[in-house]
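The structures considered in this document are given below.
In the two assemblies presented below, subunit A is common to both, partnered first by subunit B and then by subunit C.
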Partner chain A sequence: MKLLNLLSWPYVRKHKLRTLLTLAGIVLGVAVFTGMHTANLTMQSAFQRTVDRIAGKAQLQVSAGETGFPEDVLERVQSLREVSAAAPVIEAALATPQGTLLVLGVDMTGDSSLREYNLEGDDEDVIDDPLIFLAQPDSMIVSKQFAARSGLGRGSKLALKTMGGQKTFIVRGVMKATGLATVFGGNLAIMDIYAAQAVFGRGRLFDRIDVGLSEGVSVREGAAKLQALLGPGFQVEQPQSRGAHFESMARGLTVSINLASLFALLIGVFIIYNSFSIAITQRRGEIGVLRALGASRGQVRGLFLLESVVLGVAGSLLGVAAGLALARGVVPGLAATLQDVFGHAVSASDITISPPLAAFSVFIGVMASLVGGYIPARSAASVDPVKALQKGRNQVLSEGENRWRRRAALICIALSAALIGFGDANAYFYPGYLSGIASLILLSPSMAMWLARALRPVLKTVWPVEGALAADSLIQAPRRTSATVTALMLSLALAVGFAGVSRGIYDSLIEWMRHTLNPDLYVSPSRSITAKTFRFPASMAGELRSLEGVEEVQPVRNARVMIGGEPVMAVSLDIGAIARRVRVKPVEGDRDEMVRLASEGQGVIISDNLSLMRGIHRGDILEIPSPRGLLKLPVLGSSVDYSDQQGSFLIDSKLFQRYWGDDTANLFRIHVKTGYSREKVRQRILKKWSGSHEIFVYTNEGIRDYILNLTGQWFGLTYIQLAVALIVAILGIVNTLTVSITDRRRELGVLQAVGGLRNQVRRTIWLEAVSIGVVGLVMGAGAGLVMIYFNLHMLHRDLGGLRLDFTVPYAFMAAMTPVVILCSFISALWPAESAVRASLVESLEYE
Partner chain B sequence: MIGLHRVSKVFAGKRDVTALHPLDLRIPKGEMVAITGASGSGKSTLLNLIGGLDHPTTGAISVDGRELGSLSDDELTRVRRDKIGFVFQFFNLLPSLSCLENVSLPLHLRGWPRQQIHERTTELLNLVGLGKRMEHLPDELSGGERQRVAIARALSVYPPILLADEPTGNLDSATGVEILSLIKDLHRRLGTTVLMVTHDMSVARACERIVQLKDGVIVSDARVESQAAT
Partner chain C sequence: MSKWIAFLLASCALGQDPRQIVEEVQRRNRSTSQRYEGTLTVTSAKSRVTQKRWRYERMGSFGDSKAALRFLEPPEVKGVALLVHNHRDRSSDQWMWTPELQRDRRIALQDRSTRFFGTDFSFEDLEERDAGQFDYKLLGEEKLDGQMCWKLESRPRQTKRSQYTHSYLWVRQDLYVYVMVEGYKDQELLRRIAYRDYENVKGLWTARLLEVLDTKRRSRTTMKLEKLEYGVPMKDEDFTLQALRRPL
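And then the complex of A and B:
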């Protein structure tokens, strides 16, 4: 500790920028880790909190996936002796000028035994005498926060868009800002369930039933009795299970976040390693003196490790704060993406870092700092006191050191190939993946050197002095540049890897849409085609058919059902009618046979991703829970279908209606007669229904753009990663250049002494920075291609079951090239200025 | 050729250090002058000021008719590039560049055509006796050979003035004598004005004139013959 105060503190004070850069490395790693995890956890806990608070005292919830179930189920549930209270619920999210409003349709006569509404003042009589509420279907209770935001009070009118068009509701009560009323950021409204059925086009269905158990009945016992009563078509679960399903749906996002966090930490480790290596190089003399005065190797190593711990703690604390800011920035976009992709509205207004996550982040940051500082500390401890004062040779990596790395890299490559080739199980794939990444890291100093050597003649031809010196600086001091280049390579590889996957998905989606999304128009009850708040009544299909210019109307009803405990999208449609217009080549099975049998209700056609993720193949029996019991249908084949990330199956609408008692539609696919204008038909539909229904009519191009935009949102992470890569590039290059300038001070002085103008000196530093950027770019692009390969396999096996072609993201790579080069150049501006402003006399005498 | 009028240099710090007290000095064109003195007498500071590597605290310096004080940094660099060649005690060759590249450095900086650079560099390296070691890196040469490369580099742009700071200071005595005779030879053949800082009187005596400094003041300025006589 005394040494820390005596030696480290003065160094920190003298090299404030370097200390800041080291801190920045830790802050970056910890901030991305904390921020992304906080954002993800916030979303999940917000969803869970909403579920918990809405559930109130309910111990169990009965549902049938997202499809809903007929009203008679309620009576069966209520008939059970173990059930003390059963309240049906419809839950839907509505867009309002004050944000998304969560509307809960409840049966006020029985619901108050499960939920406490805590109304303001005299409003309690609404609960005390629910008939007042029931007698008037336009009744609504709103939370105090929503009332305040919308300027509402008891008796106020509230206009909302419903299935029946714009409708005015009367606020009959305002809930106090506690308990239930605080869910969804306080944007909550309660209405009568039967009114909600009409408002949201639910027909005679409920979304779920909340159940309170009789005294003395355990949750397990109650669940078993209910399950036995209702059969396997229903899920009887504790409210918290819904959170688990949400987590399961957003698993792809969680994996992406974990991967990005891992890379951010890895990149942070390299920045720390770079800074410490540089510091130790600069302090060799000091270390030599310490060793000469009797300090043991252990004391020297301890000193540097202690420095890394102190910086780790400081950087981690700042990183946690920065992570919170990052989470606050990311959450709104993430919430919008989740709502658009999965159709689940989440309101996360309260973004805080949980103490365990904060503590773990600090621990991770300190560990990353220790890992990054370990090799430099060991190198400091091995400094020979006699050689310590011999300058100039310490940035050079010995050939032996490089040879060792190359051999280790070859072993890692062989290991990676062997593991991946050996078996398909995760136990082989992921170690093979890590081994592949390790080989890239190990090879990077040699690759950086080879690339710098290849660059030298090019640079020398264009700028004989400045270019040659810039390349020489990289060649002569690989220790100085290799960590920066490696960090840049890793971060660009991550971005290229994601961009490649994103490109592959885009291409594949476009191909899929070309074959399957061929109707002229799409009619949706919500702005978002994934939202399931509203549904059209079956009768509307006939009305649409009768419109002039409409040739064919294909109703589509999709909803997730639980298969094997995981949600799977059921897509109900007239398979025969669709097949006449859509010709998709199946992945498994004979198309004509599949279509014939599926349209007769003798089986289902599953999506390729469901087949890959669950290992379900043609001929297998798919057990589908429905309100009418367990539906066992053979799998007739599979085809590429991007309806849902967790897989989907096509079921004929007649069979679906029979088993789910649901003839509503989420979407109508409309084919326009030849010779009729699509736009005119579109206007006709809007004119007929826009006054009475919430309706959106998209053109074919509009829906394709919508889907591509949605995919773009999902892959927005790529751009965050590129931003991180650029920050890494700037931090690393500034760090490397400041040391390069110190190391080359005499060289730069000589350059000026023999006639180099300031701009010529600047140019050599700019070129060095740009060369680092170019070397990092080339290596990052190469490593990115390797990353695409691994990412495609991960997507294929664990995330979406997607079978994608290897696609090189040329456009992304072309776009990132000038950006990285520009950032490299920008990061050289300040170091170049400091170089030309240094005293020439001191530079020439510098040793 | 070189004129100093009331030139002084004070290094500012917690305690100001006067390296040179106001002094006057004139060195005519084609003269070979030694500046001697003990360590800390101000001789290197004087050389740095004449070479435009540093700025005087007071006074004016003119080199080949140009007043250095009025020049911008880049103009000062141009004066150095066109009129002054430097030879340093520690050679100051760029370790990553070959002998040929080191010598060609000032020519590239001046923007000479490549062919002309090659011819001039080859000629200079032959002149200093290193025609067969052109592609060698500085690390592969002896101390004397490195200094020869440094001299070739200093003379590459035909500078009228050669400033040498302890050019033999880092060499053994035999190599030192060799380098000194090379400088004298070049001075004689090319008519270059040579200003050499040394603390070695035997080296100084090889010059035509010796200026002796003590604590930042010129204490003697004499022709070598007359000093030898005294």
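And then the complex of A and C:
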């Protein structure tokens, strides 16, 4: 501690900027980790909180995936002796100027046995007149918060978009801002469930039944009895299980957050490593004196490790604070993305701060700092007091050191190849992945050196003096350069890796859309095609068919069902009719046979990603829970289908209607007659239903753009992390250049003393920075290609079951080149100015 | 004289058996059908008053009857109807019809404890209580509203789901009619129903005014029976869900 005070503290005070830059490396790494995980956690806990508060006293919930189920199920549930209360529920999310409003359709004649509606005022009446509330379908109860935001009170009118177009509701009650009313950030409204069925086009279906159990009946016993009564077509679960389903849906997001966080931290490690290596180089005289005075190697090593711990703690604490701020910024976008991609409305008015996550973030920040500081600390301990005053020696990486790294890298490459080649299990793949990344890191000093040497003649040809000096600086001080280059390489590899994957996904999506999304128009009841709030009645298909210019109408009903405990998208359509228009080459199975049998209801066609993720193949029996019982259907084959990240299956609409009792539609695919204007037909549809229905008519291009935008929105979250990773790497360049200038103060002084112009000095530093950028770019591009390979495998096996082609993101790489070079150049501006403004006398006296 | 003595002896004998008292109440109130128009006045704890009118029709008698209740006023609830099928051995089946929605809904057994459409009655209070569904205990005799009454305790049998753990019934000794019923949950009084203004209509003593007090909410509902008739011809098909859908 004394040494820390005597030696480290004065150094920190003298090199405030560098300390700050080092700190920034940790701060940003930890901030990305904390921020993205907090945002993810916030979404999950907001969803769970909503579920819990809505569930009220319900101990169990009965559902049939997202499909809903016929009303008669309620009577069956209520008839069970073990059930003390069973209340049907419909949930819907409506867009309002005050944000998304969660509308809960409940049966007020008995719902209060499960939920408490604390109404405004002392009157215990839930509503002015419960009979009027039930008798009038325009009745609504709103939360106090929503009422305040919208300027509503009892008796106020509230205009909302419904299946039947814009409708005016009457506020017949205002709930106190506690308990249930706090759900969804207070944007909650309650209406009668039977009115909700009509308003949201749900037919005679309920979304779920909340169940309270009789006294003395355990949850396990109640669930078993209900499951036995209802059969395997229903899920009987505790409310908290819905959070797990949501989590499983957003798994892809969690994995990408973990990956980007890991890289951000890894990049941070290199920044710390770089800073400490530089500090040790600069303080080797000090270390030599310390050693000469009798300090042991262990004491010196301990001092530097302690420094890294102190820095790690400070940086991690700041990182956690910055991460929480980042989470606050990210959460609204994340909520919108989850709503758009999965059709699940989640409202998180504030972030969820998890003390264990914060503690873990500090822990990994400190560990990253320790890991980054370990090698420099070890090399500080090995400083020979005699050689301590010899300058420049420690900057050189010995050939032996490099050789050892190259050998280790080769071993890692071999190990990686062996592991990946050995088996397909995660136990082989992920260690293989890590070995591959380790080999890149180990090879980076050598590669940086080779590339710097290769750059030297080019630089020298263009700028004989400055170019040669800049290149020499990199070549002669590899320890200073290599960590920065590695950090840059890693951040660029991450970016290229993601870009490659996103390019692959875009290309595959475009190809899939080209084959399958070929109708001229799409009619949707919501702006978002993934939203499940509204559904069209079956009768609308006939009305659409009767419109002039409409050749064919194909209704589509999709909803997630639970297969093997995980949600899978059921896509119900007239398979025969679709197959006449869509010609997709199957991945497994014979197309004609698949179509024939599926349209006869003798099987299902599964998506390729479902096949890959669950290991389901042609000939297997898919057990699909439905309200009418377990539907066991053979898998007729598989084809590429991007309907859902968790996988999907096509089922003929006749079979779906029979088993789910649901003939509503989420979407109509419309083919326009030849010779008719698509736009005119579109206008005709809009005109016919405007005023009576909420309706959105997309053109073919419109729907494709919508899907691509949705994909872009998904990747947008990743880009934030990439940007932070890049900022960390750029900080590394600034750090390196600052040190480089300090190290070469004398050299630069001499250059000026012998007549070198200030511009030449500036240019030397600029060139050095740009060279680091170029070297990092080349290495990052190479490493990025390796990343694409691994990412594609990860997507294929664990995330979306996507079978994507290896695509080099040339456009992205081309766009990144000037960005990185420009960033490198900008990062050199201040160090260059500081170098030319340094006193010549002081510079010549330096060292 | 002997006739008088015989009646007194019979009364004493009945008075000893609480079940027989209740059965006699039901026997004396038996009619093939009943129809009335009721005016419901709900006065909240804050003295806010709301009023509704309904028409009530019942066919059959205790434990085996069917009843239909249709709201006449205010205009927002006109046509809303409740159908009740009472059973001797189990709780009644109840359905509600809402004309604006053109939908019927079943009122679940669990929901019978909830208030009957904003009044102080619960759905359960509208059920006819067959004597066989309860155990009775004679607690003594009390004078209420100037009339000698038997005070009975009734407890629902296991098969019966009720919001009340027990109730106290006051039965007028001269007319065999209820004067007051108190429903308890454990030691807590939930609801008190007072029967007033008894009038003999076609040989049946009928309370023309019912007053319900919800002790928790401190609100009060009075129901006034008007246009009361007994023995009106009615058909089974008038007590179906289809019949409820007919406009008033």
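Rule of thumb we're sticking to: the second predicted complex is superposed on the first by the 831 of 847 C-alpha atoms of A that agree within 3 Å, B and C clash if a C-alpha of one lies under 4 Å from a C-alpha of the other, contacts with A are read in each partner's own complex, and residues count from 1 in each chain.
Assume contacts are C-beta pairs under 8 Å (C-beta built on N, C-alpha and C of every residue); 3 or more make two chains touch, one makes a residue touch a chain.
Remember, predicted model here, so these are calculated numbers, not experimental data.
> Does the superposition put A:411 against subunit B (first), subunit C (second), both, or neither?
After superposing on A, A:411 lies clear of both subunit B and subunit C.
> Going by the contact rule set out at the top, does A:370 touch subunit B (first), subunit C (second), both, or neither?
After superposing on A, A:370 lies clear of both subunit B and subunit C.
> Touch check for A:826: first (subunit B), second (subunit C), both, or neither?
neither
> Quick check on the superposed pair: does A:755 touch subunit B, subunit C, both, or neither? Answer first, second, both or neither.
In the superposition, A:755 touches subunit B alone.
> Does the superposition put A:86 against subunit B (first), subunit C (second), both, or neither?
The answer is second: A:86 touches subunit C but not subunit B.
> Does the superposition put A:465 against subunit B (first), subunit C (second), both, or neither?
Once the two structures are laid over each other on A, A:465 reaches subunit B alone.
> A:310 contacts which: subunit B (first), subunit C (second), both, neither?
So A:310 meets neither subunit B nor subunit C here.
> Would you mind listing the overlap between the subunit B footprint and the subunit C footprint on subunit A?
none
> Per the contact definition, I'd like the list of subunit B residues that touch subunit A in the complex.
Counting only subunit B, the residues touching subunit A are 48, 51, 53-54, 73-74, 77-78, 80-82, 86, 88, 90, 92-97, 101, 104-106, 108-110, 114, 153-154, 157.
> Within the complex, which stretch of subunit A touches subunit B?
392, 464-465, 468-469, 472-473, 475-476, 746-747, 749-760, 839-841, 844, 847
> Could you list, by residue number, the parts of subunit C that touch subunit A in their complex?
Its residues touching subunit A are 44-46, 48, 50, 52, 71, 74, 76-77, 80, 96, 98-101, 103, 105-111, 113-115, 117-118, 123, 216-217.
> Please give the residue numbers of subunit A that touch subunit C in the complex, ascending.
74-75, 78, 83-86, 107, 109-110, 112-113, 122-125, 127, 129-132, 134-137, 192, 194-195, 198
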